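Each chain carries a letter (A, B, C, D and E) given by its place in the written order, and its residues are counted from 1.
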Amino acid sequence: MPGKDVKIVGFLCNWCAYAGADMAGMARMEQPAGMRIIRVPCSGRVDPLLVLKAFQEGADGVLVSGCHPGDCHYGSGNYLARRRLELLGRMLPALGIEPERFHYTWVSASEGARWAEIVNTFTEAIKDVDEGS
Amino acid sequence: MIRFPESINAGAALLAEIEKRSGQRLSACYQCGRCTSTCVAAFAFDYPPHRLMRLLQVGMVREVLASRAAQLCLDCMTCSMRCPMKLDVAGVIETAKAVADEAGLKDSERDLRLFRRGFLNNVRRHGRLHEAGLFFWFNLRTNNLFNDAGLLPPMLRKKNFHFVPPRIRHRRQVRRLFQQINGRQG
Amino acid sequence: MEELIPIIKKALEQVDVVLGWAQSPAAGVAVPAFFHTPAEADAAVFDSTCAHNLAVYLPRLADKKVGIVAKGCDARSIAQLIAEGAVKRSGVFVIGASCPGMIDVKKAWRCFGFGKQVCDAAGKVAMEGKTVAREEILLWKCRGCRDPEPVICDVTVGEASSEAPAPPAEPAGIRKRFAAMTVAERRQFWQDQFSRCIRCYACREACPLCVCRDVCTIQAHEPGWAGAAVDSPQSWMAQLIRVNHLAGRCTGCEECERACPVGIPLMLLLEEQNDVVEELFGYRAGGEAKPPFLTFDIKNDTWDEER
Amino acid sequence: MSVYSYFPGCSLSSSATEYDKSFRLVAGAFDIGLDELEDWNCCGASPAPHHWGGDLGILLPARNLHIAGAGHDSMVAPCAGCFNRLKYAQHELSHNDELRRRTERALREPVRYQTEVLNLVQLLNREIDPGDLAGRTRGRLSGIALGTYYGCVLVRPPEIVLYDDPNDPVKMEPLLKAAGATIPHFPFKTECCGSYMGLARKEIVLKASRRIIEVALECGVDALVTVCPLCHQNLDLRQQQINDAFGTDYHLPVLYLTQALGLALGFSPEELGIDAHLSLGISHRTSSFDNTKKA
Amino acid sequence: MLGVFICQCGTNISATVDTGAVAAAAAGMRGVAHAESIQYTCSDPGQAAIGAAVREKRLDRIVIAACSPRMHEATFRRALERAGLNPYMMEMVNIREQCSWIHADTGEATMKAVDLVRKAVARIRAHVPLQGGKTAAVRRALVIGGGIAGIRAALDISAAGIPVTLVEKSPSIGGNMARLDKTFPTLDCSSCILTPLMVEIKQHDHIELMTNAEVDDVRGLVGDFQIDIRRRSTCVDEEKCTGCMICQEKCPAPAPDDFNAGLCQSKAISVAFPQAVPLVASLRKQYCRRFNGGKCRLCQKLCPAGAVDYGQEDEVVSRSFGAVVAATGYGHYDWTGSYPTFGKGLYPDVITSAQYERLLSASGPTGGLIRRPSDGAEPRQVAFVSCVGSRDESAGRPQCCSVGCMYTAKQAILTKEHIPDSQSYIFYIDMRAGGKNYEEFVRRAQTRYGAIFIRGRVGRIFPRRGKLVVMGTDTLAGDQVEIEADLVVLAAGLTAAPGAGELARKLNIACDETGFMAEEHPKLRPVEAAAAGVFLAGACQGPKDIPATVAQAGAAAAKVIGLLSRGELETSPMVSAVNPSRCAGCFKCRDVCPFGAIDKDRLADGLVTARVIESLCRGCGICNAACPPGAISLNGYTDKQLLAELVEVLR
């Protein structure tokens, strides 16, 4: 079964990405079972430390997803998030974490298929890293 | 009469093979008929393209494999370009033709098969196509000596009609390429 | 640099205290000093051992009017504190000191022995018979210094150094080794490094931009970002919190690393972070602009993150 | 001077020698070096991919790619069919390991297939600056409406040939326009001409090609321009057969792109092999091409 | 004391997740005093079971593992309230959309469900009771779009005594419906239904009509939106203009006639159409000679009312509204790009149904006579092509336009009525006639009006001797079809209205992948948009016919009335709060807050700390993520709660 051993924490904004994940469920799009979604109001709520903490607690991967730029329910939260998260992503190699284990991306409420695709590819990418190391 | 589920069951294996090789999901076709609308050769088909797709959907794969349509398809891909579901209809028909070849179904469109065979054997022999050779060989084999005879005078006038076959140096290498064919020959 | 003393004395006419350096007879190097009166100011020195970033004292003196002797790099810290609103520009009087480059006194002591006078009266590195190339005992940040002149100052002291700043060194020693490591090796590297951490928080206390001080979340029991235990993972997490809170704010003064009693190479993290921030946002802490994580213009934020 | 490997293919060396001739003239005029591929073989044309499982459609062109791999960086295949086969082979060789191994068994060495393969339009667009062309042609084609006929294999399948809009290609236009021609709306520019059915199932070719000519005339086209020898054969050589079969009286000239450009550059119809064209021999437009030469 | 309820959702969850096993696992988790699996937790018996457990076991916090919280969080909060608990002492676990529906393996799905429940159990221990406040709601609604949806919504809302501002982008209200000739399935005249309603809007005391106007900027939130409306300069004083159309008659500058779908020309200064409301002229500067370097001032000179004012400028009007109804309608799919085989728009006699509607209309450019555009001839053979830009993934438009079949049948009927010896051919794929009396209508087109229905998609249209050859297929007969038609009418698909996406962005609501505005839930919240206080009416939410549009407009109006009738709204307690004893006074929170909801607070001991202005806080939590000492927390999403979840799912 794909993704059985890969544990991923997903921080999803309530308005877009979480709704998109719901949409994927409504369309019964099968996904790897390793994803654990934590709902947040906005991707701007995601402190990079939450991501680092997740890695410290043993997550194989962390995914942050919010509304597409320009669509933030709060106007600018995702812009701020992507600044913080982009920096975080670039820092990971120096911290001893494979950058493939972290991904942030934007999913709208209607993009169920996109969400399912993201979970699949991300899980696969992490498995590749695990096998590579 | 099509009996369900017998028909589907009977065609399942072949259909799966065609779907796998062509990379197309036949169930996506909703029979709008646009492939047929755009096909320049459909008038000569026994089944128009959209019916080929439908026959496959309901498991009547053998009818498709044995069809004249599968042989006559020009592979111009107009249907694939127009399909609203982005199905590669031509690719499906092409795959059906290849599967039919492998299954040894050789009854439909004998002349056309003869032409293709003659063409390829001609290339096998010379490395390049000897047009005049193919022309006369085909007309002799089909007992139709005056087929396209009207084209000869202008061709001759153009000095484009060569009686001496072309020859390439490494014909043996070309023949080795022919030995690498996977499907059935003949 | 004798002209410094009258300048401090003059500054004391308008400020409550001037932060500077005085000679420590025991150590043979300069140490930070608070000058409240002109008499005290006679002890002021400025030489190649004045490595301390005095800006660290400013936030806690926010209710006073403070004069401060600042090197180029120190001035960046001051500017950053001002940009973030932690310090008022009107509350500081910056005496900009032309900096010849600071030396790593620990290295100097290793060469000359502890307590030996390592600077002569001219403020140059004195070798007392031993010859050590100046570059070798310079602080890392002084190699290829980008700010020999203070970005912010009210009065300057000393000639602008005619000597060009030492060229940036090729990564050597630990930097070189770290750069060559695989990700997995770095994971192990940090685990080893932080197994030495004694949670003394000297890194935080020395940092001019760690303004939270006694409410710092690293030490907070709740919500429990990092446990208080002295073990490698928790110390590592605690440091990551600090590094994260300095994103886009760290001016690279190296005080944390200098302060670390167990010699953890903290600047590897902060230098990397500063480089990434500069690359991503074209931002270098220590100017007039606020950090990119605090201010941005949505309409012009067209940066394409879908790499 | 940039030099390209040149893959003429069977047609250009037999039934379509005028295409080869005119191509060499135009290339010469623009200092494009052509280095004919050593000992090339037939690309397999339309029958190969449609017979014996279709493998020959890859195996045959693979050898040509392999030969080209030892030569220049880029290879031009003016015949649209050859171009399509070569691109297909390139795609399959890089995606289908099994077939590549079989190819290598026949070639007895690792196959070189990475040479850039260009069609004629690509090559000319790359090498000829429209402004330059306009200066040298001085509008010799002005007043002539050319129907750009691309055919199917030049642009399809788009993910293999990676060239132009598969439904509405336009890449021939800049050069012809620079030469002064007008390009009327011609909706059948990628309609299939009937392909290789001419000998075995003639009625398909005649019906398909008839429609193309009919629509071209409806659109006010004076002559069709093509880059495919097979299309040319069906539309030009068989035009009289079409007239006989449908009782029509079409006299629509069909030119290779290089012939049209050659005329524009001032070469004579004889030099370009245009006198060999059947349809042109009976065309009402012959005079206009004669005029262009005088101009 | 903690209660955990695992919903089976019929078999929606229990088919893949062993809910009994999850409940058993939950019973063993720390602090859990009660755990059970319920068939339908959201049902009355389900909610009653929660209430009973709360009473019996003195539960003070509840975890419910069921569907998405986006679906039933509000339901269960109310259930808690009824059971006497603070509604925020509840945490939902999504084991349906994000578990049972996306996994096939029962073991795996059950394990994940247990993980998720454990995470919620850990999280809810960090919950604290929260109390929402009340805020006054502005008793005025904004309706955006003056088509039939906006008109109906505005009339219905104002009927409840709530004032309405109706904003319309174009010079007149009426929208797409005003352009129709007759409507299916009753064939009653579109104008006859619509025009009286348009007039009623104009005359209504409680309705403020702004035409040539668009929403510029939206601030605030439900109950108190501050919205800037830009009124475009038309160079005509609306108060003075009498709609006499002398200016239009004399204006020398031609301009496209938008109302007639580009079939004819209008003038730079013109009245949109004779029945326009308001009946005033407006000047389009891009076509006017005076604004393009000329000296013409004819309209100003000739206007008997002196209404023309070239110096008129855009005006921005700011208003407060308690609620907003988006009724922006639909746009027409531009088929010319994706259908090169239909001639790319180069054949004048290939027109869209919207254009044909104008040819049929008595108020149209031909006075209701069907004349084809190329030569003005009356067509005899008319081919209708359905699904142009619909059900076509190759054109990036998979959706059904939902009205094409019906209006095409209608147009075939009207064609026969106009030209009795004409013949209509309708190329269709599947005849979709699902509404009341629709099927009968289509049958009538076939039997009484002799339209020939051909099941098959058209492949090509090309000219032949002044006619158009339509090449298609009759899939039922199994053969290709060729028709030489005099006129071809394309049933082009419906798109989101131009600018709808931009408006949605301003209103902070979502659009679906086809560009139409998204409702919160197709069945539970069909007229509510993603932002509270914003409602959807009509085709802006998706293609629909007039009856459905009017019904939805009424529903949106009812929602607005329900929201604003009480005069005050409950505010969410999920806002940020500052713990002053941990605040370092660095004010990074203030720098990042998008709503200016952070203020300075000087404590008694002189320390300066941050303070949240709750009425401005929208609960995004950006400040929380920016606060270094963790002094500011978002209620309901505190660091403590998120860390508890995080640690627990990775256990």
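FYI, a contact is a pair of C-beta atoms (placed from the backbone, for glycine too) under 8 Å apart; a residue touches a chain by one contact, two chains touch by 3 or more.
What you see is a predicted model; the values in this text were computed from it and never measured.
Setting subunit E aside while every other chain stays in place, the touching chains sort into these groups: A, C | B, D.
Note on connectivity: the fewest steps through touching chains from subunit A to subunit B is 2. With respect to subunit C, maximal separation of chain centres occurs for B (centres as means of Cα atoms).
For this structure, the chains sharing the highest number of C-beta contacts are B-D. For the pair subunit A and subunit E, the distance between mean C-alpha positions equals 28 Å.
Here the spacing of subunit D and subunit E, counted between their Cα centres, is 51 Å.
Our note on geometry: subunit C versus subunit D, Cα centroid distance of 71 Å, whole angstroms. Across the assembly, subunit D contributes residues 167 that each touch 2 or more other chains.
Shown for subunit C are the residues in touch with two or more other chains, namely 225, 293. In subunit B, 43 are the positions where the chain touches two or more neighbouring chains simultaneously.
Taken together, the chains touch in the following pairs: A-C, A-E, B-D, B-E, C-E, D-E.
Per the touch definition, subunit E reaches subunit A in the complex via residues 68-71, 94, 96-99, 101-105, 108-109, 111-112, 115-116, 119, 505, 508, 510-513, 518, 530-531, 574, 592, 594-595, 618-622, 624-626, 634, 637, 639, 642-643, 645-647, 649-650.
Within the complex formed with subunit C, the residues of subunit E that make contact are 581-584, 586-588, 591-592, 626, 628-631, 638-640, 643.
On the subunit C side of its complex with subunit E, the touching residues are 84-86, 211-213, 215-217, 220, 222-225, 245, 290, 293-295.
On the subunit C side of its complex with subunit A, the touching residues are 183-191, 225, 233, 236-237, 240-241, 244, 247-248, 268-269, 272-273, 276-277, 279-281, 292-293, 296, 298, 301, 303, 305-306.
Within the complex formed with subunit E, the subunit D residues making contact are 167-168, 185, 187-188, 214-215, 218-219.
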